[in-house]
Every structure is written in C-alpha cells, then in structure tokens.
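Following are the structures in question.
Okay, so subunit A shows up in both of these, paired with subunit B first and subunit C after.
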Partner chain A sequence: MPRPDRRENDQIRALHSILGLLNRVDGSAQFSAGSTSVYCGVYGPVDVKVYDEKLDRAVIEVKFRPAAGVSGTKDRWVESAVRGTFEREILAQMHPRTLIQINIQAREDDGSADAAAINATTMALVDAGVPLRDMVAAASCAVLADGAAVVDPTLEEAAAAQSVHTFAFAGSDIGRAGSGGASGSTSPVYVDSRGDFSVADYDRCYDLCLRSAQRVLAFMRTAIEGKIAKESQISVV
Partner chain B sequence: MDVDMESQDTRDIASRIVTPGSVITNDTAFMRGHGTFAERTTIYSSVAGAVERINKLVSVRPLKQRYSGEIGDIIVGRITEVASKRWRVDVNSRQDGILLLSSINLPGGIQRRKSESDELQMRTFFAEGDLVFAEVQSYFADGALSLHTRSLQYGKLRNGTFVTVFPQLVPRSRSHFHTLPCGVDIVLGVNGYIWVSKHVPASKVEENSELIYSDKNEFISDDERETIARIANCIHLLNRLYVKITDTSIIFAYEASLTHAVKDLLTREIAIDLAHNVKTRLEQQS
Partner chain C sequence: MAETKVVLPGDIIDTSLDSDEEESSVLRLGPGVAQIDEQVSAVAAGVLHSDNEKKQWWVVSNKRRYVPAEGEPVVGVVVARHGEGYRVDIGSAQGALLPLLAFEGATKRNKPNLAVGTVVYARVAVANSVMDPEIECYNSHTGKSEGYGELAGGFMFKCSLGLARRLIDSKAPVLNALGSGIPFEVAVGLNGRVWINTEAPATTVLIANAIKNSEFLDAKQCRQMVKELLEKQ
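This part shows the complex of A and B:
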C-alpha cells in the first residue's frame, strides 16, 4: 500500500536545519523533517542553584514545550528521554557545579517529534560548544496494520499503526555499523517502543531506524561542517 | 564516519574540521588539549570546530563557547545582586563573577579604611543593573572569578551604550580601553561585553573622586550620540560577520561607514560590504 505522501517505506522526509538562529542563547538549532519542526535552545554551562548543584559534574535540565496548549505527561516523557540520552553523551564532568539547560519548543508536530527533538538537541549542543562524547541521531519507525514497516511516520500513520518505535544511536556506533559490522553489534542509546509487536517487527524497525539515523547523522555533520567552514573563512584571524 | 588517520601524514591533523565524536588521531605521540577527550589510545573531538596542533598538543577550537576567564583579563560586567560584602556580577561566563567590597576603590582616597557604614551603603557604589569595568584578580575555590576595580580607569560605566559580541572575537591585548579619534571611548571586555561612550578626559575623574560612582550622565550632544550609535553599529556588523574586534578594526569600520547613514549600517548588503572593506584593510596592514 503506498504511503499517503508517496514516500518509499524506508524513505525519510526532507530534512532541513538552521544553526544558531536564536541570539539570546548559547547555542540553538531548528530541525525539521517534512512538516515536523522543532526548535532547541541551549544555555550552558551556567550558574546553578545551590540546591541542584552537583559537585563532580554539570546538571542537565531539559524543558519540552508542545506546539500548542499546555505541556502534559507526554511532554515530560520526551524531556526524560532527551535527558537520559544526553546525560550519557555530554561530558558533564568537565563542567562541575554548573547547569546545562536544554529548552525544546515544538513548532509543528506531524509525527516523530521525539526523534526530531533529539536531533535538534544534538545540533544545538554542538552549536553551543558543549563538550560531547559523540553526536546522537534519532529516527522512528511504525509498523502498520498490514505489517509493513515505514520510517519517519507522519502523525496520521503513527495514529493508525500497530506499533511505533523510536531509536537513537551514537555517531561512532552508526559509523561502525556503516563500515560493515553486524547490525546487532551497535547498541542504541535510546529506545522507545509503543503498541503490540513481535521480536521480528522490532528487529525490522531497528535496522530501518539505524539506516535512517545514518542519513540524519550525515546530514547534521554536513550542516555543521558547512557552517564552520563558512565562518572560519570569513573571519580575520 | 571514522577517518583512518594512520594512513595520513600527521601534518594533516591540523586545520581539519571535526564534529563531536570524530577520531582526531590514533597516534599515542600526541597529547590531548581543549575540546578533546581520550579513550584508550585514541583522541576524539568533543566539540565541533577546527583542529589545532602546537607541537604534540592537539586541541579543537570550537565555533563559539562561553567566555572562561583568566587572571588579568579586562572585562565589562553587569551587577546582578548586592550580597554581604560583595556584588555578584554577570560576566557572560559559566558562573557569576564576584566583586568584593574590599576590591573596590572607595571614594575619598585609596588609603581610607573600610567601615561598617560602607557595608550598609554598598548600593551607593554599585546597584543592580550597573555596568562595571573591572579586571580579573583571582579565582575562588569553586572557579568563580574574583574581580577588582582598584584603579582609577576601572569602575562604573556611564555616558554610553552597551554592545554584546562573541567573546572569542575580542583578543586579549595590552590595552582594552581606547579613545578613538572620533571622540568616543570604547572598553573592549574580553568577555564579549563592550561599552561605547562619550569621551571624558581622565583628569576630570581624578580631580573629583565622587564622580567614580556617579549615576548621572553628562550632557551628550546629538552629534556625540550619533557617533556613539555609529560605532555601536560598526561593532554589531563586525560581530555579525565574524571579524576580530580591535580598536583598529573598529576605526576602519567607522571610516568606511561614514558614507552611509547610521540606521542603514546593519542592512545586509552594506554590512557585508563594510566588513569586506575592513578585512582587506586589515590584511594590507599585516
């Protein structure tokens, strides 16, 4: 069955990003996949309240706001997902007794917003110059009623799906998988699966998401390197 | 996207653009510097930027990062809080800086002893929102910067306008206070905070030490206001196009800008044109 927007099953929507578009924050990014679009702004490392302070590393705080309405439990879930993912990847011990605040604002949610939030956060953290162990790329995948697995589902597809899965991978793991390693050898840094699914469904989605994440990562690298190249060329050193 | 560096000449390490998690080198001969981390024998990049190598030290210079202070830095800060015997100062860094009551010049002579009444009237020296021109004296145990204003050239800033730029565009140099030929004083804080103000001769402040903590602006004529605005816009455009901000580059930008109205300076075409103009003149000079 063809998809409503005529994409192939393993085809992600067109990606678009802008780095450093907000001027009051330390780093910011907009990440869009099709009509799903997310802003992320990062403050950090900044002063932290004594109550929250950790003596050996930076505190990481994540705020997620939906495109419309007040934020609810679903948004808390995205916050905890982003925090869990990036607590592992940010070199927090390099900035003890400070705070790294990640603010995410959904601009439009047309499915796969959690993956877009993770991708936008990676780009904003890179823009802010926060030391990272690795870049993180996320992708989601839905198993439809007819058993077909489709990547980057729209809201419509996700609502009708049997199960929806979101995976995030670290850049070095993606690189290893890309260079011919067995797909089972890479471990995702974040997994979220909802609905009824079999192990075979899960494995199928895993492979599809890994390949999509590869494309997303390559896109993000190109965008960042392009920006650096442009700015180091124009500056007088 | 791992790059096999062993096959490449080690000279290629420098001037490469990397993203977090990229392998910089597997060679154990190198030491890791800022912007990198090591796992086993491999050095990875932790930020996105250009790789720099000094002898055996490999570091990555990020696109932009928060200001991190060093002792002796000349900075501009904004008072955020009056606390007991100290002021908290926003210095555009990861933590607020601290200005101790004992690190300022009290009015009425340098030799005067501090008294309890000074503690009670700290707001008459610096209140919340005031801008200070200060020097980094030392670090506290938690890494916060301790500032001092124990020189007549430091102190409260008035008679002008405030500009924020990327901290890495302001190089550390011998002097951070400049009087431009157009009759404007600028204070280039290495933390990326810049103060552009009307020129006031230093002798005037020396004569009257009460003036150090004055909150009142002097009379500023319309022409002076326009010149201050022009310099502020020149700094904005240099910042926007990533040109190093020094007294020379500001003077070049100012001279080039005289053919345009102040309000037009930040339109895209004019800004790019002026920045290129400044760039070529800087290159000619060096």
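This part shows the complex of A and C:
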C-alpha cells in the first residue's frame, strides 16, 4: 500500500535545518522533517536558583511548547524524554552550580515531533558550545494495520498505526553500526514504544530507525560542519 | 595552520605521536577536548588545533556564552557593592568578584569608588568551575594598571566570543581600517563585550555598526565596508 505522500517505507521526509537563527539565546536551531518543524533555543551555562543548584554538576531544564494551545501532559512527556536523553550526553560536571536551559517550540507538528525535538536539541546544544559527550540522532517508525513498518510517520499515519516507536542513538553507536557491526551491538539512548506490537515488530522498527538515524546524523554533521567551515575561513584570513 | 579539521562532539581525536617517547608523554587537552572513557574525544564543535611539540590539543569554536578563563581580559558592568568588593557582570554564569583593592595604587584609605552601572576593563584572576570568578583591574605582579580599570563614558555592546577573539588581535582588519580613518578608543573583552569611546555619538554608532557587521567578513571585505561607511559619513 503506497504511503499518502508517496514515500518508500524506509524513506524519511526531506530534512531542513537552520543553525543560530535566534538572536538572544546562546545557541539555537530549527529542525524540520517535511512539514514537522521544531525550534530549539539553549541558554547555558547560566546562573541557577539556589534552590535548584547542584554542587557537582549543571542542572538541565527542558521546556517544550506545542505549536498551538497550552502545553499539557503530552508535552511534559516530550520534555522528560529530551531531558533523560541529554542528561546522559551533556558533560554537566564541567559546569557545576549552573543551569543549562533547553527551550523547544514546535512550529508545526505533522508526526514524529518527539524525534524532531531531540534532533533540534542536539543541533542547538552544539551551536551553543555546551560540552557534549556525543551527538544524538532520533527517528520514529510506525507499524501500520497491514503490518508494514514505515519510518518518519506523518500525523495521519501515526494515528492509524498499530504501534509507533521512537529511538534515539548516540553518534558513536551509529558510526559503529554503520561500519559493519551487528545492529544488536548498539544500544539506543532513548526508546519510546506505544501500541500493540510483537518483538519481531520492535526489532524491525529498531533496524529501520537506526538506519534513518544514520541519515539524520549525516545531515546534521554536514549542516554543522558547513557553518564552522564558513566561520573558520574568515578567522584564518 | 595548513589544514583546518572540523570536529564535532563525540569525534575521537587521534593523539598518537610520531615520536617514540610515548610512555612518558603527558597530553594537554585544551578547550573542547576531553577524555571520555579510554579515549580523547571532542566535546565541542569547532576547528581542531594541535601542537605536536607540546602535545597539546584544543578546539576553537564560536560561542556566545562566556566561561571565564584565567588571564583573559574582560569588560564587565558593576552590579553591586559588597563589603569586600564589587560584584561585576561579565556574562558568565556567576557574577565575578572584583576586590576593592584590586586597582593600581589602591590602599585601604585611598581606593576607587565605583557606582553600580560602571563599566570596567579587568583581567580574570581566578577562574575554575567550582568557584565564582574573580577579576582584578591591575597586574598583581607589577602593581601597574596596564590599561585595566574603569571605562568612563563611551558605549558598550555585545558580540560573539569568536568575533571578540579576532578583534583582540592587533592585526584585526576592521579596527585597523577604522583607526586609519577616525580616532577612537576601544577595549575588547574576551567575554564578547566591546567598549568604544569617540568624540561624537554619530561616530560611536558608525564604529559599533562596523564592528558588528565585520562578524562574517574577511579582511578585504572589512576594509571595503569601512571605506563605504566613512564615505557616507
């Protein structure tokens, strides 16, 4: 069965990103996959309230705002997903007694917004120069009623799906998987699975998401390298 | 630098040396580079630099949030006065402490009295991640001010840390081009703050705009831009 937007089952939507588009934050990025689009702005390391202060590391705070309406429980879930993912990757012990604030604003949600939020956050953190152990790339996958697994589902596809899975992987794990290692050797940094599914479905989605995350990571790499190359060329002259 | 190698967080840096004295060698890891588990890897995105003689590696990246480092000149604003010193905003996570006596020739009887809102040019004296930064308006070895101190009058604006680093170079094309056309005073802080002072407000605006515009211009474009601005004046 063809997909509504005529994509192949393992084809992600066209990616687009802008780095450093916000003026007043320390680092920012826009990440879009098709019509799903997310802004992320990062402040950090900044002063933290004494109440929240951690003596041995930075506090990481995540705010997610939906494209329309007030934020609710679903958005809290995205916040906790992003925070859980990046608490592992940010080298928080390098900036004790500070705050790293991640603000995410969905611009348009056409499915897979949580994966887009994670990808946008990676790019904004890199733009802000926050010390990171590794880059993180995320992708979603849905198992449809007819049993087909499709990556990067749109809102319409996700609503009709049996189950929806989102995986995020660390860059070095993706690299290792790409260089011929068995896919079982990589461990995702974030997994979110909803709906009814079998272990076989899960494994299928895992492999598809890993391959999609590879493409997303390569895309982010190109975007960031392009910006740095442009800047460094000027400073060399 | 012959080649520019761009690294991203998580990239493993090959620190193997050509020489045989590897066992005794100590690696020096600068900003943007850290030891993660068993390997040396980049933790910030930027251009990798290395000095094989001194076994140093560091990443030059452009940021907007200042993290203090010892010895760096900064431009700050006095935000409060305490018994032991001034609290100065230098753009870092915590405000910096400027002791009352950290000025040239200051004694208990005779010391400068700075009002809240005063702009100061200072040098970072203490900077580590677990303590609040400390700054001083003189060189504590010689006791001379060496250009540090209160910046009276003038105008302060912010820019990216990468631009500030380029401006502090005495060969900075935009400052040299401006300087050959109009007289002005400038103090560049590595915390991404620039203070300028000129005779007329119109000149201040011109210089501030020229410096801000130079962020993405090379030397030739800088000279061209300054020339056009001066002609318009």
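The criterion applied here is as follows: the second predicted complex is superposed on the first by the 234 of 237 C-alpha atoms of A that agree within 3 Å, B and C clash if a C-alpha of one lies under 4 Å from a C-alpha of the other, contacts with A are read in each partner's own complex, and residues count from 1 in each chain.
What we mean here is this: a contact is a pair of C-beta atoms (placed from the backbone, for glycine too) under 8 Å apart; a residue touches a chain by one contact, two chains touch by 3 or more.
On a predicted model such as this, the values are computed, not experimentally measured, just so you know.
Asker: Using the overlay on subunit A, decide if subunit B and subunit C clash or can fit next to each other.
Answerer: Subunit B/subunit C on subunit A - steric clash.
Asker: So, A:68: does it touch subunit B (first), subunit C (second), both, or neither?
Answerer: neither
Asker: After superposition on the shared chain, which partner residues are touched by A:218: those of subunit B (first), subunit C (second), both, or neither?
Answerer: The answer is first: A:218 touches subunit B but not subunit C.
Asker: Is A:50 contacted by the first partner subunit B, the second partner subunit C, both or neither?
Answerer: It touches nothing on subunit B or subunit C.
Asker: Between subunit B (first) and subunit C (second), which does A:95 come into contact with in this model arrangement: first, second, both, or neither?
Answerer: In the superposition, A:95 touches subunit B and subunit C alike.
Asker: What is the contact status of A:199 with respect to subunit B (first) and subunit C (second): first, second, both, or neither?
Answerer: neither
Asker: Can you tell me which of the listed subunit B stretches (113-121, 203-211 or 221-229) runs into subunit C once everything is aligned on A?
Answerer: That would be 221-229, the one stretch with clashes.
Asker: What residues on subunit A does subunit C touch that subunit B touches too?
Answerer: Comparing the two interfaces on subunit A, one with subunit B and one with subunit C, the shared residues are 26-27, 44-47, 91, 94-95, 97-98, 126-129, 131-135, 170-172, 221, 224-225, 228-229, 231-232, 234-237.
Asker: Can you list the residues on subunit C that touch subunit A in the complex?
Answerer: 1, 4, 6, 8-10, 12, 32, 34, 36, 41, 43-47, 60-65, 67, 93-95, 129-130, 162, 165-166, 216-220
Asker: Can you check the complex and tell me which residues of subunit B touch subunit A?
Answerer: Residue list for subunit B touching subunit A: 1-2, 17, 19-21, 35, 37, 44, 46-50, 62-66, 94-96, 142-143, 169, 241-244, 249, 275, 278-279, 282-283.
Asker: Using the touch rule from the top, collect the residues of subunit A that touch subunit B in their complex.
Answerer: Contacts found on subunit A: 26-27, 44-47, 91, 94-95, 97-98, 126-135, 170-172, 174-176, 178-179, 217-218, 220-221, 224-225, 227-229, 231-232, 234-237.
Asker: So in the complex, which bits of subunit A are touching subunit C?
Answerer: Where subunit A meets subunit C, its residues are 25-27, 43-48, 91, 94-99, 126-129, 131-135, 170-172, 221, 224-225, 228-237.
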